[in-house]
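Chains here go by letter, A, B, C, D, E, F, G and H, matching the order in which they are written, and residues are numbered from 1 within each.
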Amino acid sequence: MNPEQLKRLLAAVAAGERSPEEALGDLAELPYADLGFAKLDLHRELRNGLPETIYAEGKRPEDLRAIVGRMLQARGRVLVTRLRADAAGELKAAFPGAVYHERARVLTCGGPPEPQPGMIAVLAAGTSDLDVAEEAAVCASWFGHEVERSYDVGVAGLHRLLDNLPALRRADVVIAVAGMDGALPTVVASLVPAPVVAVPTSVGYGSSFGGLAALLTMLNACAPGIGVVNIDNGYGAAVLASRIARGGAK
Amino acid sequence: MNPEQLKRLLAAVAAGERSPEEALGDLAELPYADLGFAKLDLHRELRNGLPETIYAEGKRPEDLRAIVGRMLQARGRVLVTRLRADAAGELKAAFPGAVYHERARVLTCGGPPEPQPGMIAVLAAGTSDLDVAEEAAVCASWFGHEVERSYDVGVAGLHRLLDNLPALRRADVVIAVAGMDGALPTVVASLVPAPVVAVPTSVGYGSSFGGLAALLTMLNACAPGIGVVNIDNGYGAAVLASRIARGGAK
Amino acid sequence: MNPEQLKRLLAAVAAGERSPEEALGDLAELPYADLGFAKLDLHRELRNGLPETIYAEGKRPEDLRAIVGRMLQARGRVLVTRLRADAAGELKAAFPGAVYHERARVLTCGGPPEPQPGMIAVLAAGTSDLDVAEEAAVCASWFGHEVERSYDVGVAGLHRLLDNLPALRRADVVIAVAGMDGALPTVVASLVPAPVVAVPTSVGYGSSFGGLAALLTMLNACAPGIGVVNIDNGYGAAVLASRIARGGAK
Amino acid sequence: MNPEQLKRLLAAVAAGERSPEEALGDLAELPYADLGFAKLDLHRELRNGLPETIYAEGKRPEDLRAIVGRMLQARGRVLVTRLRADAAGELKAAFPGAVYHERARVLTCGGPPEPQPGMIAVLAAGTSDLDVAEEAAVCASWFGHEVERSYDVGVAGLHRLLDNLPALRRADVVIAVAGMDGALPTVVASLVPAPVVAVPTSVGYGSSFGGLAALLTMLNACAPGIGVVNIDNGYGAAVLASRIARGGAK
Amino acid sequence: MNPEQLKRLLAAVAAGERSPEEALGDLAELPYADLGFAKLDLHRELRNGLPETIYAEGKRPEDLRAIVGRMLQARGRVLVTRLRADAAGELKAAFPGAVYHERARVLTCGGPPEPQPGMIAVLAAGTSDLDVAEEAAVCASWFGHEVERSYDVGVAGLHRLLDNLPALRRADVVIAVAGMDGALPTVVASLVPAPVVAVPTSVGYGSSFGGLAALLTMLNACAPGIGVVNIDNGYGAAVLASRIARGGAK
Amino acid sequence: MNPEQLKRLLAAVAAGERSPEEALGDLAELPYADLGFAKLDLHRELRNGLPETIYAEGKRPEDLRAIVGRMLQARGRVLVTRLRADAAGELKAAFPGAVYHERARVLTCGGPPEPQPGMIAVLAAGTSDLDVAEEAAVCASWFGHEVERSYDVGVAGLHRLLDNLPALRRADVVIAVAGMDGALPTVVASLVPAPVVAVPTSVGYGSSFGGLAALLTMLNACAPGIGVVNIDNGYGAAVLASRIARGGAK
Amino acid sequence: MNPEQLKRLLAAVAAGERSPEEALGDLAELPYADLGFAKLDLHRELRNGLPETIYAEGKRPEDLRAIVGRMLQARGRVLVTRLRADAAGELKAAFPGAVYHERARVLTCGGPPEPQPGMIAVLAAGTSDLDVAEEAAVCASWFGHEVERSYDVGVAGLHRLLDNLPALRRADVVIAVAGMDGALPTVVASLVPAPVVAVPTSVGYGSSFGGLAALLTMLNACAPGIGVVNIDNGYGAAVLASRIARGGAK
Amino acid sequence: MNPEQLKRLLAAVAAGERSPEEALGDLAELPYADLGFAKLDLHRELRNGLPETIYAEGKRPEDLRAIVGRMLQARGRVLVTRLRADAAGELKAAFPGAVYHERARVLTCGGPPEPQPGMIAVLAAGTSDLDVAEEAAVCASWFGHEVERSYDVGVAGLHRLLDNLPALRRADVVIAVAGMDGALPTVVASLVPAPVVAVPTSVGYGSSFGGLAALLTMLNACAPGIGVVNIDNGYGAAVLASRIARGGAK
């Protein structure tokens, strides 16, 4: 409820069009659906531009089904992330229109998105980083943006990255996904003017410490213009890129 | 040198307007000034939209003076970050037009910037986070953006933050600076549609471990739409915000 | 044995009512039952207000059965935490009155508790934090306190938390359970006057480092009034809350 | 502003006693004083029972003076923590009634507190932990509680601790301060029924890693009933203890 | 080969009793058996008092069988640690006299040891620490020492420990095994004059970080007289205790 | 494309032998094969002396098969590391000449290598370090070098190492593989003049923290002349050793 | 108070030789001297064989003087560790017989010790480790043991260590002090039969992380028979060595 | 003493040319000079190709002077690293021929080196990394190698690095020095065939954690062929590079 609405409500009370009790009720009206075990945030899109997404990890099949059903009913579209293939099977049986993007471990359901402005380039340093990159790419597409993928363009073969420069320079945002040494975003940010969303992955072994090495590399990038998200967080990268591509407050 | 220029150069060679040797020289022309101890990157603005900045920490006074002089000569404007007050005094003596922003530890030199699109809101959670917030704000202003500051709006007094919501919702980018628990960006990102640049600070003690606690909080924010930069990196936040506000590839 | 009892014992010795050897025996009487592999602490309730609880993790089925049996015999009631569903089945077969709280992984056995003063509010930030929150809630109930649950009230949807404020402000203690960024307790502590017991959970991935991120956030909370327990330690939170609700030394 | 007040305000609007514009103003009335660089939270006492405290570390002398002045004017009493001796001198000169507690690095200003219920026992394991223990004790006294100190009672000399048991068992809350191995709270919690607030200190060297060792010990205490605060956070321990001693919502 | 032997060898060469080539061979004679994939150190007992032990983790069944066979042949006795139950079955089938100590995960083979001086007390803080404590106790017994076990004597029930004090004060070495807060050794070392070998275990969860918490507690013990071994290293504790009990160089 | 080639190309353009468009195409010709999900770097051997290797971990069977096929077609030989036995079976079925080195988890395919200069000694401290050592040895052999293995020569039995000194002193490079305390490379580097490539392994438990302990030991070696690679990185050690043995730029 | 004394006391009460009140007083008699800010543990020698030592770091000059004075009065001898040179000067002025061991930062005061059994060898890996080694050596001497120093015998020059083997093999305990890679104790323990007390030092830089590298090396030593103390804890090593040398319970 | 010498010595004993006692003395002859507080390793050059170097940090002025004097006397040349400017002044006064390399903090003394084979390229990513790069370059020069420096060639301006490629491709070894993100070595190793010695520096702030970020990046480099040394260890890099350049065992 924004100030404008509040002013209108108060005017209605002053005009006797609405009793104080009714006004109190209006103010208390919950902008979410309460399922007992979960509170769905149905107004999130109004508040920050993107609908609430369902993070499947650790949720039980029956809970997932209930949440997806309620979201579809309220908004017609739903996005589920970190969904295992077996759980996806159950949801697809329950909601026939659902599509499961296996590599991305994402399930989408509902009609096509309204097109959104801005092209988002998604880069992956190695083939082992594809899953996370796909999570980012699938989510960004589902939000309505144009997405361009360039995979296996890590700094161990600079020419592969440089070949993709023209496309990169056209992007409004670049999502750069990399594990191991995590050096890709720093090199990309030095070559293009767009903001770079850096996604460290847990790809690696030994002293990669589950992605910590790549994370620290990105946070300490000597080229500025990089915003880092959590390790393996392709979805978070897509949300940030979408906020950027849609042009902030406009 | 972009593909267009390369095509033109090759055409000139084919037309005999330029000898192969001359063409080789053109291709080799260094886009930086070599001072022996440092190579100034004079073409950076062309490449990624913002001129190279001078990071003063660990640089000697005489080196700083030489670098600033060369940059001013080449580009007319210069920005120095992480500059101690005493070193600033020397530079101001050498370059009369220079201005030192004490709280931000930033020195700016040269004419006013060309105005850039987009409003950048800079938030600081506590008064101890002001230095880093000021670094971000001063840099963003110097890049040419409108900047709006809201300080001391940490989540320990939510009403202070909520009072600033209208202004926040107008911002194209929000820079949220916080030490200790670092909870500010996650709350902000859940309330506004703009991308949030999160800056952890080293403010705190004990298990804040020099800002690590705030950094991890921000990386694990349960609200998406946040890009994190290094601890105390106000400058980096300003560059990322500027890239976002200028609208990517446009 | 407290000073009063000691004084009485010494008086009895002086009066010849008890021989020195008998007195030595009295002093040596063990306040625990020795099962060979474990020593049950039967006087713990006298000493610090709550009976010893059985932590099931890593204990063998036959040992668990022996311990539960001995505790029931000595005290009539028993609480088992961190109990897997299969092990719970065995115990329920052996002790027919036992109840297994699946989500909480807690087994309770024996009659209802004596009511204890104080209302304990248990909050969970996300649906993935429910298991730990339930451990806290079930234990607190079993200790005899009134418990009020508010789940899925994380700071990514502040209005969900604010809607629960009236109930929260009635609580004598608040247990706030949160993974990922762990920001819930700091916001709660700034809104209510009751002590807040903060429970970080291992919910999250990447740089949550098994709950470390949430733990550090809570320890560095910018709002004071928070006591932190170990990651995923719902039981410990319930014990601390119970000690607080019972009113200390009173 | 609580629901009761809101209902009254709406009724006044309905009755024409207050115009919508005035009501909007009432709702917007800021519950803090804005000094430009800092927003003082003057309603905090109403909200969570204790007035805002001034954390001096990193604040400039002139800012400190302005904040203290404004707080005294608004509320008549003020508490400053983490204040260095030299800065304390300046404040004492400016505010004659101020008292500086050197060991605790705390400055108090204004009349005596209203007595509060509950006795708080403050324990320190070693003489090097005294500073932090004193911070806790001075703050708890200033909040109005009875405080009883027992210093140098670490587990390396158990009899020293056991001698203090009778007093400890009378306490409504125990604050246990310890560096190095941090074993004191776990032993105390196993001996008394009161909640234990554990404060790790940075006392130690080598693998104490600035208090990390003591912090981890306390979080992993095998005796439940312990709430841990940040390393060296005597003030936070006092606030938590005060909330407990005042009896929660009562 | 010690100096005495060297002197004798050289004298034999001088006396022509041994040719230079033979002497070179004597000096080169390998004090180990080479199995290709492993070199058994058959002289270790001469060098540092205890025979080489076989660490089974990560070794293949067939390699284990070959090593055990070669050791038995060379020395008549063998000790295998970290042996899983299934691998133990195979070894018992191959070497009929072998005994598998399940809790300790240790297999012993060969006749009874020569009695060694000194009594070694083995303490375990909780029942979950029994496995590691048993590894220490079984190994120390196999080395020939008298061993006395006191289990479940953690500091959460001090009286259980204090009841065992008389036995403890008779010990020549105390091995104190504890997970979680790891506070047992520091309390023990303050009560008895014998050296204390502290063994942290990985028992715990959350911020125990696999035994790190207990390890740090022990290293920072405020009571001196403690030597710490690796997490879960019951065998190493037994070797150190044995060296101590045998009286050093005597 | 090196400067010489560039000069020739430009001359051809000037001579009209090649049109600007053709030249642009020549410059754009990709030195890799694009499989969609992976870009094979076919020119790597020209650039830095060794062909690209396939890291199997996390790659799908069908992707592996496609990549191996394409590499064999382009270069006739291929090396696959971190390959599980079951995946190796599939590849051997598809490519009959392939050989799987089980201990090393390496698959090699194609004719024998051209002999390369230099002898590489591979040392393993314990039998549990054999897998990593074998990875290094198999790879180095496949690159064409003479390899000499000395296993189970850790510092707990110095004589085993000293016996191998003559061979060690003949080596052009030494690869020293060790887990647990990781002390082998520092001792080796103090005894031989050749560069030492140190490989920490994840062998160990407790405070070895997955190889961190060995890694830190090697980085802090008090004997210089050591280059450290990632934990368990036998392949990387072989590449570094090969670059060294081939004599740098020669 | 041991059981024997308790029995005697109870007998005296039974015989009317001591009233219950007197007995209660006897039991309550404090075995320490209370200075207000510190409780001196005067019975520690009876309890665990060595008198309490004064750890000077963080203690104020006037407190130090009071504590030393009280200890001298009670026991005639005193040991102060971690004492800075300037503070030592003050104490020497106050207590004329005091001797300051500069390198060890130890002050000793009072007559020569009673000779104790056992020879303690103190090894230092490098010359930068001397301070910590001297702390151990001076303390062990003050306890009454024969001490033999071998300095600069690190594993980077094995022959230096091997030359000292005969002396080492005579030792009853070896204290091995090392920073950087911390490899000395593991090599020593493989060569001698005596227990080895390992002392990591903070000598080093970069990834030595203040001694963490050396600490981990020692905890993961592949040669058993090592007990580790805290980083830079020469005093703790001396106490442990003294307990060992005195022969445990004998 | 190598086997050949041993064989000759034994032959001399057999021939009566040398008595057993003399032979024993020969074998015992110490290959180092004992200064009491330090043992100089005078045979190190024979053993591993480079003379012992003096690490000045933590050494006292008088000790440094004695060590340098003894080394000069024994070998005519000496190298001192990590030497502060003030200590350098004293040494230069005592040893007139000494030269202090301020940036490198290295002092060299004695005649020019014998030329050694191989060219060593030293790269520094940023101007703040110059000190460490200079330590490497000065040491490598002093060992007798040709050294070529390329400074300020970090990946934030790739063209600066690519411009230096021809020189880099001529190098026998490349030393790549970088702080912050530490991405330089991984890019270099993908471009040149020579082995790359990677030196992380402590340049950076916040989450660089004293060079840890750069260290991890280098250990996880996705391009193989890199050997990593300790943070800021320019000297160690020079030794490793020298061993490589001299061609191993040749």
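By our rule, contacts are C-beta pairs under 8 Å (C-beta built on N, C-alpha and C of every residue); 3 or more make two chains touch, one makes a residue touch a chain.
Here the structure is a predicted model, which means the values were calculated and not measured.
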Labels of chains that are neighbours to subunit E and to subunit G: C, D, F, H
Chain copies touching (subunit C, subunit G) - same or different residues, decided at half shared: same
From the options A-H, B-H or A-B, the pair that copies E-G, where over half of the contact pairs coincide: A-B
Relative to subunit D, chain with the most remote C-alpha centre: F
Cα-centroid distance, subunit B relative to subunit E, in whole angstrom: 58
Averaged-CA centre spacing for the pair subunit F and subunit C, given as whole angstrom: 54
Where subunit D and subunit E are represented by their mean Cα positions, the distance between them in whole Å: 49
For subunit G, residues contacting two or more additional chains: 3, 156-157, 190-191, 206-208, 212, 215, 219-220, 223, 230-231
Chain-to-chain touches, reported pairwise for every pair that qualifies: A-B, A-C, A-D, A-F, A-H, B-C, B-D, B-F, B-H, C-D, C-E, C-G, D-E, D-G, E-F, E-G, E-H, F-G, F-H, G-H
Residue numbers on subunit D that touch subunit A, as the complex places them: 3, 6-7, 10-11, 13-14, 16, 19-20, 23-24, 27
Parts of subunit B lying in touch with subunit C, wherever the complex brings them together: 125-126, 154-158, 180-183, 186-187, 189-191, 204, 206-209, 212-214, 216-223
Interfacial residue positions of subunit G with respect to subunit H in the complex: 127-128, 130, 151-153, 156-157, 159-160, 163, 203, 205-208
Footprint of subunit D on subunit C - complex, ascending: 3, 47-50, 53, 118-119, 166, 169-173, 189-195, 197, 215, 219-220, 223-231, 235-236, 239-240, 243-250
Parts of subunit E lying in touch with subunit F, wherever the complex brings them together: 28, 30-32, 37-39, 41, 44, 55, 57-59, 63, 200, 202, 210-212, 215, 230-233
